[in-house]
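These are the structures, in C-alpha cells.
There are two complexes below, and they share subunit A, which is joined by subunit B in the first and by subunit C in the second.
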Partner chain A sequence: MGALVLPATFYLGMIFVLPLAVLIAGSLMVSGSLSLEGYAQYLGDAHNRATVWATLRYATLTSLFCLFLGYPFARLMARSAGWVQALLFAALLLPMALSLMVRAFGWTILLGREGPINQLLLAIGLVETPVRLLFTETGLILGSVSIKLPLMILPIFVVLKTIPEELGQAGASLGAGPLYRFLRLDLPLALPGMLAGFALVFSQCAAAYVLPTLLAGSRYLIMSKAIVDSYLITQTGAVGSVISVLLLGIVTSVIVASGVLARQRAYA
Partner chain B sequence: MSVTARLLGYAYLALICMFMLAPIAVVLAVSFSPTPVFDLPTSGASLQWYRKLPELYGLWDSVRLSIEVAGIATASSLVLGTLCALGILRGRFPGRSGLLVFVLSPMMLPGVVLGIAMLIAFRSIGLVDGYPSLILAHVVITLPYVVRVLYAAFVLFDFTMIDAARSLGYSHARALWHVLVPNVLPSFLTAGMFAFLTSIDNYALALFLGDVRNVTLPIQILNYLDRASDPSVAAIATLMVVVTVLILVIAERLVGARRLVGG
Partner chain C sequence: MSPGYLELNGLSKAFGHNAVLDAFSLAMAKGEFITLLGPSGCGKTTLLRLVAGLLRPDAGTVHVGGRDLTRLPAHKRNVGIVFQSYALFPHLNVRENIAFGLKAKGTPREAIERDVAEALKLVRLEEYGERSVKQLSGGQQQRVSLARAMVTKPAVMLLDEPFSALDRKLRETMQIETRQILRRSGATAIFVTHDQEEALVLSDRVVVMNQGRVEQIGDPKTVYAKPATAFVLNFVGQALRLHGTAEGSSGVRTAVGLVRAPGAFRQGQEVMAAVRPEAVELGVAGHDHNGAVLRVREIVFLGSKTQVLFESEGEDVLVAELPGAPPPEVRPGASVAVRWPVEATLSYLH
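Moving on to the complex of A and B:
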C-alpha cells in the first residue's frame, strides 16, 4: 500500500520541490559563487526594508482584526440553534467559494469616492466631504478583513463546537465570572483554532497580490508586488529570487510557529 | 442568557455577515446599472451590460481555458491524491505524517513564489508554452485539497469491511468497488469541487505561466479592471456568483453542507 504515495511524491518532487530548490539556490549565487551578498544588498536599501515592513504590517494588522472580529462570531455561531447555524454556514461558504476577483472588485466599488460607504458616512453626518478610502492602507485592510474573515472564523468554530456548553455552566456554578470563564476556559480551548486561523490569514495576506494592487494601488509597495515587477517589468530576476525566498521564509516561520504553539498548548 | 444579550448577539452576527457579503451584493447591484459608471442602480435597472458581454475581447477564450485547465488539473490530482491519501494511511513506512504535511504544503505557500520558481524551472528545460505549464502547475496546488479531504474520509472508513466482503466471497477488486467506493464517493466529489474552484480562482501561477494566447479568467478580469471600462465586468462577476451558488447548491444536495466545511 505504501507504494501508492510514489506517483504524487515524484510529481511534487519534480514540479514543486525542484523549482523551489533552484529558486533558493539562485538567490544564494552571486557571480558564480555561494554568498549572502544578494540578501545583504537587498536589505541594505531603506526602500526595500520599507517594502518588507509594509508586508509584515499589512498581514499582521489584517490577521489581528480578523481574530478580534472573528472570535465572537465563531463563539456565537457555535452556541446558535441549528437553522441559524446553517444560515451562517451559507454566509461563510458563499464568499469562500466565490472567486477572489469578484470580491476584490466589489470592494473597489464599496470604497470608491461616490461609493456606498462614503454615501453612508455622509448620510449619517460623520463626515462633511467624501473620504478617500480606495488606494489607502485603511481601505486595503478593511477589504482584506472582510474577505479573509471566513478563514479565521471556521477553524475557531470547529474547535469551539467540540466544547460542551455545560463546561461554561459548570464554571459559572462554581463561581467563575464571565471574564474568568473566558480567560481560563474558552480562550485556552479555542487557542488551536485561533492559531490556525491566524496562520492562514497571515500567510495569504503576506503573499497577496490582487488585493493590494486593486485596493491600495500600484504605488503601495509590498513584497509580492516587488516579486512580480522584478520578473515581468524590470527583468531583474536575481532580486526577485531574493525577495521570493525572504517571503517564503516569513510565511513558513509563521505557519511553523503557530503549529508549534498549538501543539504545546495541546500537551500543557 | 438574557434576551438583550441574545439580541445583541444576533445583531453582531448579522452585521458581520453583511460585512462579508457586501462586496458580493454591490457587484450584483452594479451589473444592472443603467449608466456606464460603477453606480448603484437607483433610477431603474438595465441589462445592457449583459448584452455587451459577447463583444468583450477574449472573454469566451478565457472562460474556456480556465475550465479546461481546472478540469484536467482536477482529474489528475484526484487520481494522484486518492492514491497518495490511501498510501499514507494504509502504508507501513516511516515519516508518513511528515509526508502528509509535505503534500499539503503547496496550499499554504505564497502563490507568487511558486509561480516564479516554476517559471524559472520550466524555461530552463525549454518549456515555454503557457498551456502545459498552467496544467502542470495547477496540479501542484489542487493536489493538497484532494489529499486533505480524502485522507479524512479514509480515516473514518472501516477497512475491516473490505475483509468482511472478501470473506463473503467478493474478489479484492469487487470488494473495493462495492464497499470502499460508495463510502468515499461523497468525499471524492467534495475534493473534486475544492480542487476545481481552487484552480479556477488561481491568479498567482497564471500571472507568470500564462502567455498572450493563454489568458485565464482571473487574469482576464484583472485586464478588464485595469482598463476600467464599464460595468460589464460586474455582469461577468454576477454570472460567476450565479455559477458558484449553483455549484454549492448541487454539492450540498450531493454530500451535505457539513462535509463541505468539515472537509
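Moving on to the complex of A and C:
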C-alpha cells in the first residue's frame, strides 16, 4: 500500500517542495554566500515596509468585514431549513461559478464614476458629486469582501450546524438574555469556524493579484504585485524571492495560529 | 398542598394544520411532582416548551405563583429545564456550566462559589468541578444538567425525558436520586416521559396524554387500577383484554363466555372488558369471580413472577401474571382454568 503514495510524493516533490527550496535558497543567497542581508535590505526601505503594511491591512480589513457580514448570514443559514436554506445556499454559491475575472470586471463597472453605486449615492442625496471608489482601497475592499465572503460563511455555517439549538434554549432557561447568550454561548462556540474563515479569507487576500490590480490600480502596491514586478519588470529575482518568502511566512503563520486556536476551542 | 401554584389554562398549539395541543389545562400545587405520560407525538414535549417559554401558545395562559408568564420570554420566566440531551455547554467545565445561570443573573462572586459548591455536593460531583463535561459519563452529565438548573432556584423545574439515554440499571438509580433531590429542595416539577413505569415510580400525579388531549389525571395508583379510558388501559401497564357485545346489565358476551363487568351499556353495544394480569389467578369462576378455561400458548418466567400468554382470537389479549415460578400444570398446550374478581374487571366502549 505504501508504494501507492510514491507517485503523488514524487509529483509534489517536483512541483512544490523543490521550487520552494529553490525559492527559499534564492532569498538567502547574497552574492554567493548565505545571509539574511536580502531581508534586511528589503525591510530597511520605508517604501517596502509600506507595501507589507498595505498587504496586511488589506487582508485583515477584508477578513474582518467578511466576518461581520458573514456570521449573521451563516447563522441564518444554519437556522433555516428546506427551500429557504437551499435558496441561501444558491445565493452564496452561484456567484462562485463565475470566473474571478468576470466578477472583478463587474466590480470595476459598479465602482466607476458613473457606476450604479455612485448613481445610488447621488440619487439618495448622500453625496453631491460622484465619489472616487475605483482605484481606492475602499473600492478594493468592497469588491474583495463580496468575492471572498463565501469562504468566511461556509466554515462558520459548518460549525454552527454542529451546535444543538438546545444549548441556547438551556441558556435562556437559566436566565441568560439574548446578548449574554450571544457573548457567552454563540460566539465562543462559533469561534473555530470564524478562525477558519478568517484564515481562508486572509490568505486569499494576502496573495491576491487580480483583484488589487483591477480594483486598486497599478499605483496601489501590495506584496503580490511587488513580487510580479520584481520578477517581470525590474528583473530582480532575488528581491522577488525575499518578498515571496515573507508573504509565505505571513500567510503560514496566520493559518497555523488560527489552526492552533481553533483546535483548542473545537468543542463539538 | 393547594392546587394553583402552576396553572395552565386552555393551552393550544398547532404547527400548520396539525393541532399538537388542544386546550390543555392543569393546576399544580407547590412542591408537586407531575409526570406527563404519553406516546411520542402526544404533545407532551410541546407542552413543556410552552411552559418554558421556548414556544408561544396559539391560545391559553401560563401562570406561576399568580404571575402571568404567557407573554414573557424564556429567560425572564425562572423555569429550569433538564433536556433529554442534557444540553451541557461544551466549552465550559462542570463548575462553569453550573455557574452559568448565576453569572447571567449577576449574582455576586462569593454567592456563586458557595451555591455551585452546594449544587455539586447535592448531585455528588464535588470532585468533578474542574472536569470537562465531555469526560463525564451519561449519568454524571445528567446530574450536572440537573444541578445547573436547580442552582438558579427555578420556580418550576421541567424534565424532558432525562433518563432515556441511560442504560436500565443507571436509569433506575438516577430516577430515585433525581426524585430525592427534587423533593429535598421542594421543587415543583413537571417530568415528561413515554415510559409508563418511570411515570408510576416517580410522580405524585400522572397526566396521561394522547393526541394533544388529557386522557386522565390522577395519582399513579388510580391511573393504574382505574384507567379512565381504553387508551390509558393500553398505555399504562398490561391488561387482559376481551372484546364483545354488551348483554344488558349482566355483562359482556366474549369469545370465552360471559364476563361480568361494572358499567352501564346498552344491549348490543361493542364493549371491551379488561383486567390487570396480576389480578388473574388459577381457579374456577364463582360468585365474585369471572373466569374462563384457556389454553396456554407461552410462558415467560421473569424471576419474581411468571407471565402466561393464552391462545386468543382477533384483538383479544389473554395474559396472566402468576407470582413466583409457574406451577407444573401450567405448560404450553395445556388448558387451565383462570379467574379474576368481578370488581377488578374494567370495561370500555369499543
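Throughout what follows, the second predicted complex is superposed on the first by the 266 of 268 C-alpha atoms of A that agree within 3 Å, B and C clash if a C-alpha of one lies under 4 Å from a C-alpha of the other, contacts with A are read in each partner's own complex, and residues count from 1 in each chain.
Definition applied: a contact is a pair of C-beta atoms (placed from the backbone, for glycine too) under 8 Å apart; a residue touches a chain by one contact, two chains touch by 3 or more.
Please read these numbers as outputs of a predicted model, since none were measured by experiment.
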**Study point:** Which of subunit B and subunit C A:241 touches, first, second, both or neither
**Key:** first
Check your understanding: Is A:189 contacted by the first partner subunit B, the second partner subunit C, both or neither?
Key -> second
**Study point:** Greater subunit A contact set [subunit C / subunit B]
**Key:** B
Check your understanding: Does subunit B (first) or subunit C (second) touch A:164, or do both, or does neither?
Key -> second
Check your understanding: When the two structures are overlaid on chain A, which partner does A:130 contact: first (subunit B), second (subunit C), both, or neither?
Key -> neither
Check your understanding: After lining up the shared chain so the two structures overlap, which partner does A:214 touch, if you call subunit B first and subunit C second: first, second, both or neither?
Key -> first
Check your understanding: Taking the superposition as given, does A:177 touch the first partner, subunit B, the second, subunit C, both, or neither?
Key -> second
Check your understanding: Can you pull the subunit A residues that subunit B and subunit C both touch?
Key -> none
Exercise for review: Show which residues of subunit B lie in contact with subunit A when the two form their complex.
Suggested key: 9, 12-13, 16-17, 19-27, 30, 38-40, 79-81, 83-84, 86-88, 90-93, 99, 102-103, 106, 108-114, 116-122, 124, 136-137, 139-140, 143, 147, 197, 200-201, 203-204, 207-208, 217-218, 221-222, 225, 233-234, 237, 240-241, 244-245, 247-248, 257, 260-262
Check your understanding: Hey, which residues of subunit A end up touching subunit C in the complex?
Key -> 164, 166-167, 169-178, 180-181, 184-185, 188-189, 265, 267-268
**Study point:** subunit B-touching residues of subunit A, taken from the complex the two chains share
**Key:** 1-9, 11-12, 15-16, 18-20, 22-23, 26, 69, 72-73, 76-77, 80, 84, 86, 88-95, 97-110, 112, 114, 116, 143, 146-147, 149-150, 154, 158, 199-200, 203, 206-207, 209-210, 213-214, 224, 227-228, 231-232, 237, 240-241, 244-245, 247-248, 251-252, 255
Point to revise | subunit C - residues contacting subunit A, complex | key: 52-54, 73-81, 83, 85, 87, 89-91, 100-101, 103-105, 134, 148-149, 152, 154
